Amino acid sequence: MKIEINDLRFTYPTGLEALQGISLTIESGEQVAIVGQNGAGKTTLVRHFNGLLQPTAGSVLIGDWDTKITSVAKLASRVGYVFQNPDEQLFSKDVGTEVKFGPRNLGYSKDKTDELVKRALTLTELSDKTETNPYDLSPTWRKMVALASVISMDTPIVIFDEPTTGQDALSIARIAHVIAELRREGKTVVTITHDIDFCAENFERVIALSEGRILLDGVAANIFGQDEVLAQTYVDPPQLTRLGKKLGFKETVRNQEEFLTSLRGTSDSE
Amino acid sequence: MAFINLNNVTYKYPLTKTPALQNINLQVNEGEFVAIVGPNGAGKSTLCYTLAGFVPHFFKGEISGTVEVAGMDSSKSTLDEWVLNVGLAFQNPFNQISGAKYTVFEEIAFGLENTGVPRNEMKPRVEEAMKLTDISNLADRSPYSLSGGQQQRVALTSILVMRPKLLVLDEPTSQMDPIGTREVFGVIRKMAEGGMTVVMVEHKMEWIANFADRVVALKDGQVLMEGKPNEVLTSELLAENGFGVSRYTSTTREAKKQGLWKKENLPVTLDEAVEGFKK
Amino acid sequence: MHERLSFFVKRDSALHHLNPLTKIVLALSIILVSIFSPWYWTSHGLLLVVIVPLVFIGKVANEYFTSALRLILPAAGFIFFMQAFFQPIGQTVIFNFWFLDITQESLLFAFRIATRITVMISAFTLFLLTTHPSELMSDLTRRGLPPQFAYVIISTLQILPQMQAKAQTIIAAQRSRGLDTESTFFKRIGSVVPLVSPLVFGSLVEVEERAIAIEARGFTSKKAKTSLYEISDRSSDKFIRWGLVILVIISIVLKLWLS
């Protein structure tokens, strides 16, 4: 499902102009990371995707639905949104019920709900914890419950707001796996992150926001090469990109594979 | 005698079955900067609470072994005596705002008011601390109006202003951008060089390697390994146990297997990696 | 985004310069006189002759009339209608609706109660708008109130607006999961649990962490506390306080005497 944003502007009641004219198209099945300093407008932008915020000017289209005239409850069938803090959404007595909440709200049949819940729990490695109270789990696992409870809604678009904050290496690997799986299923994934290495390893397209405007938008390799521009929004390029640059690689490298390929290239030529 | 001396410390929170800390032995010298690493649930925060006196005095539960910090013995001291020597800042900055103060300046003075610092000393001390962490420009703002990263700086400053002998920090830069992180690590390094002892839980390996004197790796409530940053952070043991490592380390490990890295030691920081590959 | 999460508004006014205790006594006196005065028009008079001028003296007219009244008026309106309909007093029926009679007496009674409620909330709001939370805390502890007690009062005042902000996030998160909070009454009732339980649980965690944070900053230290600000308590403050106490006593005596 396509997301089309046309000259979107948003001003908070306090007078803060959080978004100052954003135009953007995200094609069906794209994996997009949004980066930028605190206050750049990242969360404000994605909260327009499911109608939590309404444009002050401009428009947001989710497929053929205009978010201005579609309710949040209805948009929830197209856009899933995983909030940053799982503790601000978990309320059920056990994990299974929690994950069922979304699909039930969307009015899916019992069979379909059960199937979606099962798939979400498998994907997030929670299958052995369905009976557990979410609050008896560690914060790391509570995050996975929050992920599962949105994935179970089977929306064509999934938004993650800072999924890796406070997570350890194993948990980050689990989240990366979930995102890869969503990509395989052809879903659109939009992720806000300040974990730039995570971004480099899991996303093709990167959008850098700064002060309510798009600073850079394009293929990850191109974006990370522009470290002076990125610095404007307080983003450091990924570790391997920086290393590659210091070693004088011609290409901008993002991940281990690209780094090692370039490294072999330079040592062969010597 | 060491400044921090943990001897065979085992601790269990009330109503839990497994101990959060098991047979921890740890000695830290005055002015040392020690980083604690480990996966979630390894006992890092519990160790912080133990050093700061909240385990067992605040959380209760069962503790065995001895905890000595700055000449105080945990079994003989009360929490209010303990906090005069040991400062604690933890991850969530929002919950560290006292809620009783209107501006950042007042928020930072809160600890001084509580511990009876005379008014004429208070102002210069708050100003000095704010200068150190570079938040002087936030003095008149409401602490609640700040970003997470700025709130973390306020939380750190609120502790530094009390001039503790031991500074315990549990992921104090988790919500900061790279530039903020670098600055804060610089401040903490400076404090350690001035004689303050620092124990810090942190995930950002590159920064630990750049700034800390020693690294302690925890897993399942036990010390898995300790030593010099490069030695610990590049060890196979950590990689096997699911610890996060810097990309410089993990990628170079792969490069080494393919014969593209000639040195014995793996790098943790950018500079180490650049140096190693250029040779 | 939330620049002002406390009710206090920093201004330079005569009201702001009063000692915090004087302002507490002022608010309480207004409330007590409004309750005890034997005359029908006292509350209305207090509102027009005392509270409204004080709002201007305190330079908080903007905050009071825009935000505070938005809270107060619906509450007062609700009470007015409840009292007007369900107060079984009087014979002079002026309006009849189904089995409910509205009498002149019940209407007058409702008007009095609603105004009294407005006066009570307004007096308290005025106090919050013009009193610096930490000055209040320092002043009360200096006068011998246990610091824990003072802290609970002050932090509650600050934490209410924060909880409101948090509740907004929770509502947003649950609506994103398809929770319908807007359409029918029954759907709204059904949405209470998903909205309230994260708020309650989150608050429990917050309370524990905050307790650790303030303890780490020597909150229960046995040393004598000091204060960043010198809090003025002029002789005029004492004069005003005693004057107010006498006014309250007079209205109680009048009430007993006249009834």
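Of note:
Order of writing sets the labels: A, B and C. Residues in every chain begin at 1.
By our rule, a contact is a pair of C-beta atoms (placed from the backbone, for glycine too) under 8 Å apart; a residue touches a chain by one contact, two chains touch by 3 or more.
Predicted model only: the values in this text are computed from it and were never measured.
The fewest steps needed to get from subunit A to subunit B, moving only between touching chains, is 1. Compared with subunit A, the chain whose C-alpha mean position is the greatest distance off is C.
If you compare B-C with A-C, the chain pair joined by more contacting C-beta pairs is B-C. Look at where the CA atoms of subunit A average out and do the same for subunit B: the two points lie 30 Å apart.
Inter-chain spacing, taken between the CA centroids of subunit B and subunit C, is 41 Å.
Chain centres here are Cα means. That of subunit A falls 42 Å from that of subunit C.
In subunit C, the residues touching two or more other chains are 1, 3, 205. Partner subunit B is touched in their complex by these residues of subunit A: 37-39, 138-140, 165-172, 194, 197, 234-236, 238-240, 242-243, 246-247, 256, 259-260, 263-264, 267. By the touch criterion given at the top, residues 12, 14, 16, 47, 50, 52, 71-73, 76-77, 79-81, 83, 85, 87-91, 101-102, 105-106, 135, 149-150, 153 of subunit A touch subunit C in their complex.
Residues 1-6, 8, 10, 132-134, 137-138, 151, 154-155, 158-159, 162, 205-206, 209-228, 230 of subunit C touch subunit B in their complex.
Chain contact summary for the complex, subunit C toward subunit A: residues 1, 3, 166, 169-170, 172-180, 182-183, 193-194, 197-198, 201-202, 205.
In the complex of the two chains, the subunit B residues touching subunit A come out as 39-41, 91, 147-149, 171, 174-175, 177-179, 203, 206, 242-248, 250-251, 254-255, 258, 260, 270, 273-274, 277-278.
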